[in-house]
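Labels A, B, C and D are assigned to the chains in the order they are written; within every chain, residues are numbered from 1.
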Amino acid sequence: MNSAPMNSLLIQLVGGQTVKTLKVVVIGGGSSYTPELVEGIILHNATLPVGEVILVDVPMGEEKVKINEALVKRMFHKAELQVEVSYTFNRKEALYGADFILTQLRVGGLEARSKDEHIPLKYGVLGQETTGPGGFAKALRTIPVLLDICHDIEEVCPKAWLINFTNPSGIVTEAIHKYSKVKCIGLCNVPIGMQYEAAERLGVNPKELYCKFTGLNHLSFMTHAYYKGIDRLPEVLGISEDEGIVQNIEKIEEMDIVANQLGLMLSPYIQYFYFEKSMIAEETENIRAGKGTRANEVQEVEKALFEIYKNKDLDVKPVELSKRGGARYSEAAIELINSIYNNSNDIHVVNVANRGSIPELSDDAVVEINCVINKQGATPIQTGNLPITVKGLVEHVKAYEVLTIEAAVTGDKTIALLALINNPFVHDVGDAKNILNELLEAHKAYLPQFFH
Amino acid sequence: MNSAPMNSLLIQLVGGQTVKTLKVVVIGGGSSYTPELVEGIILHNATLPVGEVILVDVPMGEEKVKINEALVKRMFHKAELQVEVSYTFNRKEALYGADFILTQLRVGGLEARSKDEHIPLKYGVLGQETTGPGGFAKALRTIPVLLDICHDIEEVCPKAWLINFTNPSGIVTEAIHKYSKVKCIGLCNVPIGMQYEAAERLGVNPKELYCKFTGLNHLSFMTHAYYKGIDRLPEVLGISEDEGIVQNIEKIEEMDIVANQLGLMLSPYIQYFYFEKSMIAEETENIRAGKGTRANEVQEVEKALFEIYKNKDLDVKPVELSKRGGARYSEAAIELINSIYNNSNDIHVVNVANRGSIPELSDDAVVEINCVINKQGATPIQTGNLPITVKGLVEHVKAYEVLTIEAAVTGDKTIALLALINNPFVHDVGDAKNILNELLEAHKAYLPQFFH
Amino acid sequence: MNSAPMNSLLIQLVGGQTVKTLKVVVIGGGSSYTPELVEGIILHNATLPVGEVILVDVPMGEEKVKINEALVKRMFHKAELQVEVSYTFNRKEALYGADFILTQLRVGGLEARSKDEHIPLKYGVLGQETTGPGGFAKALRTIPVLLDICHDIEEVCPKAWLINFTNPSGIVTEAIHKYSKVKCIGLCNVPIGMQYEAAERLGVNPKELYCKFTGLNHLSFMTHAYYKGIDRLPEVLGISEDEGIVQNIEKIEEMDIVANQLGLMLSPYIQYFYFEKSMIAEETENIRAGKGTRANEVQEVEKALFEIYKNKDLDVKPVELSKRGGARYSEAAIELINSIYNNSNDIHVVNVANRGSIPELSDDAVVEINCVINKQGATPIQTGNLPITVKGLVEHVKAYEVLTIEAAVTGDKTIALLALINNPFVHDVGDAKNILNELLEAHKAYLPQFFH
Amino acid sequence: MNSAPMNSLLIQLVGGQTVKTLKVVVIGGGSSYTPELVEGIILHNATLPVGEVILVDVPMGEEKVKINEALVKRMFHKAELQVEVSYTFNRKEALYGADFILTQLRVGGLEARSKDEHIPLKYGVLGQETTGPGGFAKALRTIPVLLDICHDIEEVCPKAWLINFTNPSGIVTEAIHKYSKVKCIGLCNVPIGMQYEAAERLGVNPKELYCKFTGLNHLSFMTHAYYKGIDRLPEVLGISEDEGIVQNIEKIEEMDIVANQLGLMLSPYIQYFYFEKSMIAEETENIRAGKGTRANEVQEVEKALFEIYKNKDLDVKPVELSKRGGARYSEAAIELINSIYNNSNDIHVVNVANRGSIPELSDDAVVEINCVINKQGATPIQTGNLPITVKGLVEHVKAYEVLTIEAAVTGDKTIALLALINNPFVHDVGDAKNILNELLEAHKAYLPQFFH
């Protein structure tokens, strides 16, 4: 148990001042996103004195985490930064002395995701790996693991900040807030992506555009886009783009029309809610054509990425990573950490407990909204009432989320069924029962709470 | 304009007291439910001194309203009550001096209902004539007519009470509360049906069972069933019945299981929300088999009923009426009027403005809850938070209702589309557009607000 | 421990039915109000089959409770009712098998009250034995005793109803709701007194007047007075009466003017809030003139009453009791018990947890409002927003009450001070400190929680 | 009408960019605070390109405004800034093309203030010129004038920002929000003073201390004082200072003790609420001793100040101004304007509409809380529930404020009386009536709304 003292020796000079360097622990360090994150650390080196990065993973991910470790070392070396890099399977030991912990893990890997997407589709129901029954299964598998991590943090480094990217990010963050005392902020790259897209449509600098958001993770809405004090969202909505923010997902043309009718810029995930029929048709066709679901596609992308990462000459983030769907992920994450560390009162759009910001939702509901970020954490800015046109959907999804968390924590099958019935992609209790039974069976190894 | 003075001459002796008799106006007097209502008036004659009943209808309904007029006269005669009975197409004149107005009209008749049910099904969507896109179209047709009636009432008999049965009863009542000053209470026979069913399962006198409800019209839940101070709802839920409250609709077996899991007794209409797939399959099969939808079935029943009503020997409510689906309709309606007239502080489950009774819903949202009824009207009893297991659905449907009312009043097609997108039976914006276009076109004659 | 089985033998015939008779326990049975209560029981004998009355008191009150026991026996005898009557100092034993428990005790007796009234006045502050610093001291003494009683009830007769009259009734009831599971309703005779007064002013039958109340115990406001559906409160307020509801307290003329300006009928206790200066002047003068405070006056009245009660020929409630200030006390209490026992859904104005009825106050705040009463207890009717003209005062007093309860339960002197600072009669922290110190010292024997 | 075009010619080079310079209009330009403000403009010249300052006043203030004009010109000259300076009595003309309008007027001058302070004291009631009956009278005089200004702004320069310092600042700002569309932020120097005091006690840089506030203007509470992420308020409260923030008012020793007990740092104005008796004694003694009230003292200070301002050699803010009580006034004001102009998302403590930030207060209640400031204005950060220990007082005062605004706008004497009854310094309706009558009479010339 020697990491803590060791870490305290790490010292750097920042702006003439001698400061203790930061220890960053990446749980799920074998993820293909790791180079993205490290690039962010390198770019913010001037204000964020990271001295150590530990990649934590599970033994079955050893190959990937080792590849990442080597690449990360090469990246820091190229950047001429003295950062200690290592990997470990001993999570608790890694956490000693941690300042920031980032979680980007996937319980069960992409094989589990593939099941999450396939099983519901057998009953004509969209799996959707974050907001649908697929995301529901992912939450059941993930929440207990994240709570375990939290209990380690509570014991070992209670002052550390946990930045959670693990999907379904909003649900997982709410579970952490409800069942642990860890200081946690949930993060997603969709809001920053929407901000950049809006700026691009207007032809302005995204840093000068102040976008206000409301809603939940993967069910978020941009309500205003202020440029120099003027709300230019109507202009943004008037411009239709073929590509735009819609990453990972192929874009449905009518999305822009609906957004315009709503007067809101929409998270690309809202396609699943508003164009379910088309999405089901597309996914069904992909499977029929042997292409599989997005999970299968991602598996291919990942395989190719790690081949690239292995290349000993590679010492920067490879361009191919952008295809993976994590655009601006490092920007969002590292700027958030930077605002905390430097106590800067910057505004970020993150997943936090509502505390009255959206009056329709309960105080402990995790929402994705604009917050002031400083050393105390994330304080919501007043968001105001949900637009009536999306209020019902948001409230319905939040009820589903609350029940999902309860099911994940208790392992109660009836609550799990009632959660699924509340999922907007599930329209029939019969389907819900069948999907639940198959999902529980398929993921049995990762769901001990349901099989004690 | 002579009804007002004439009416004031009607005097009866009640309990030794001389009182002004009551004038009851039935708008949609040609409905097959009219004998049900009249039976109620007869049964409550001891406390409710009705002196005049006017049946108001439109010229195309002349045949039916004439049949009803004759039957009603025979019924009062048989009961040895001196009640003036007449029919008219002049609504405003009929309203002079009215004490209670009952609305049971159907804009466009059963033909329109048939379209409401058929058109959505073309896109694989349940029409459902009260809670689905069918009910949506019905609301668009009905709200302007009801508001017209209200403006007549405001002018001619502002102190009269409007008891609204016209479906979708909750939505229509909310529109009246928002856009007129008429004293209006919305009524549905589902809650009283559920109360009788619960009593039957327990083997107790329904009058001694105090049932607490929450939710919206046709989306209502019994949360408690107190018998002598003890909540016996768990027992009620433990008893499965083949038939039970489910009138009009064939009952799905799993309903009782879900109800048990929820810990709530469910309105039979909740089958549409929870067993959509089965309901679609059933309706599709019925159409394929040439049986049509429920509208077509009801058309047959109605035709047969009026044949019976014509019979000059008939002077009581015929037993065949109970098949029509309005069981306990007269009981609910006349007991409500009785509680108002006699200022009795009885508790009824009615549709009223929420005013904080269900904290999650806005003050002006019309909800179906327990109210104290007296001469001042209906005051909600504290209902408390919605159970988390149905909260999301109720909130989602309420958002749909609010938008539907706005669309009906403004004739704004975009709002109409956004309303439909919020309807829990509609899962795809593409479907919503197609269904909306077809419904508007099909009901053009009844939707002038959309075609000016 | 044999009362329980004994009690179960008591059987009476009510309306042809054989029913178990009721056991009523009066804690503070030596109170001069006891004959009032017994008169109520006698008057409601037809619907309320009381079989046993036990008067519980403390040894120092033996003389009075014995006098009461004898009088009560004579009263039941005169009424030809077979009710077992006894007295005891063993509270817990008395509670076995109890159906209704009434608390009308005064910790420290009238001597303590006299101190409550005198001490604050030394600093120019109104004592006021229920709403002022006097009531504060009374709450500190009383709450622990009531919670002790509640713990006995939880153990011995958890299904019994506790009807609490002990002042400050609202505060004590809130403490019981927060710190015990006992089924408790708080009661005061002010609302019924105001209703009778309003009826008298209108010249109508009080039973036909439906009065709506808002606010807190001894800070209550009549907002409507419906007679046959018409709100006649404006008329009520237009009539000024010299005497009216103001019992116990001499009436200040301007009260009627203020009430008229507010559009609200006012509890007589509001004189203390609105005419503090006059009340201080009056009390100071009374003391100067050797008349003492109201406590001293009441001591005289009590002494005289018990002289009368001793009279062996007396077998009804003596008329002199009405001077004591408890008018309609028995009416309110016994009708409440009657509504519970007979499950009648009657509406009473009682002290209950708010649960959203007054949106400005928290759900667990005890308020004095209209409730539906049945075997399940008291369910608030929607009251609505507090009038802005009294909202601030009500909210201020509620904050004082919450802190007072916390101080009484914890014995924390700082919280006690902060409570006093929030009392509207206390205008200076210096006074608060002095008054608090003197009160704690004076009542040391009754405030062990502050002196451990 | 030539100011608008003229102004548009003013161009300055800021950071290499050509920008339109800003026009600042100071209403009440003859105030002794003007040099404070101008010093702020000079100090922020690098980021705030002010091109024109117009001092607006009324003819009776000509002497003072002329002295100020000359001094301001000398100050800008000394600072080598090209800023056009003028004064005018034509308010509306001055507003053409304005970017920022600052209001620091005093309707009726210090003579009126003196009456505000003296009249209530005749009845033993604290006048208190901002929070007491004195402030009430000031609000009645001031609100109509401010609304007149707002109507000019709406017509002439609707995009301009109004920064309101005019006391009672919270009440006046709420009136503006309720009765005009002007973009207005209310400002007070108390919060910044408290922040500096807290920093001084801790020995840290005030710019690095992040203080959270709750409450109302002149009834504000610091709830947290974060230094590098740690809440050091407990330390702050543990240090007692003789002088501290208490400017204008002599400090009462016990204030620090109470603050410690509350766990809150207190606005110095809270002395009036918590130590009323001492404050009354002090003011009474001052008058008896011929010293008069604070108004009389300020009159002397002002006279001396303008003697100093006249000095042609003076070209900076004189040190004597700090005695006047407006410390950090310029800092607060100009930094606020700077954050708006530069769209900087800084956090300031200002008076804005609550919009849910403090859940206990209504959305349109003006509160003094932490806000994000940018070109869109001030958006509240989530403040959370009021501490129960001060909740009642804050709510009571807010009710008083709401009624005061209504009285000021309607000129309704009954509402004015009910407002006064709700003022925490008024304890008796009799006093309220007398004070109201005298105040209305004394200020008749400035209260036309009450005498039409």
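General observations
The working rule: contacts are C-beta pairs under 8 Å (C-beta built on N, C-alpha and C of every residue); 3 or more make two chains touch, one makes a residue touch a chain.
As the structure is a computational prediction, the values presented were derived from the model and not from experiment.
Taking the CA centroid of subunit B as reference, the farthest chain centroid is that of D.
Taking each chain's centre as the average of its CA atoms, subunit A and subunit C sit 58 Å apart. Subunit B and subunit C, compared by their mean Cα positions, are separated by 45 Å.
Distance between subunit C and subunit D, defined via averaged C-alpha coordinates, is recorded as 47 Å.
The set of subunit B residues that touch two or more partner chains is empty. Inter-chain contacts occur between A-B, A-D, B-C, C-D. For subunit B in complex with subunit C, the residues that touch the partner chain are 208, 210, 226, 228-231, 343, 345-347, 355-357, 359, 372, 374-376, 379-382, 384.
Subunit B makes touch with subunit A in their complex at residues 124, 254, 258, 261-262, 274-278, 360, 388-389, 391-393, 395-400, 402-403, 414, 417-418, 421-422, 427-431.
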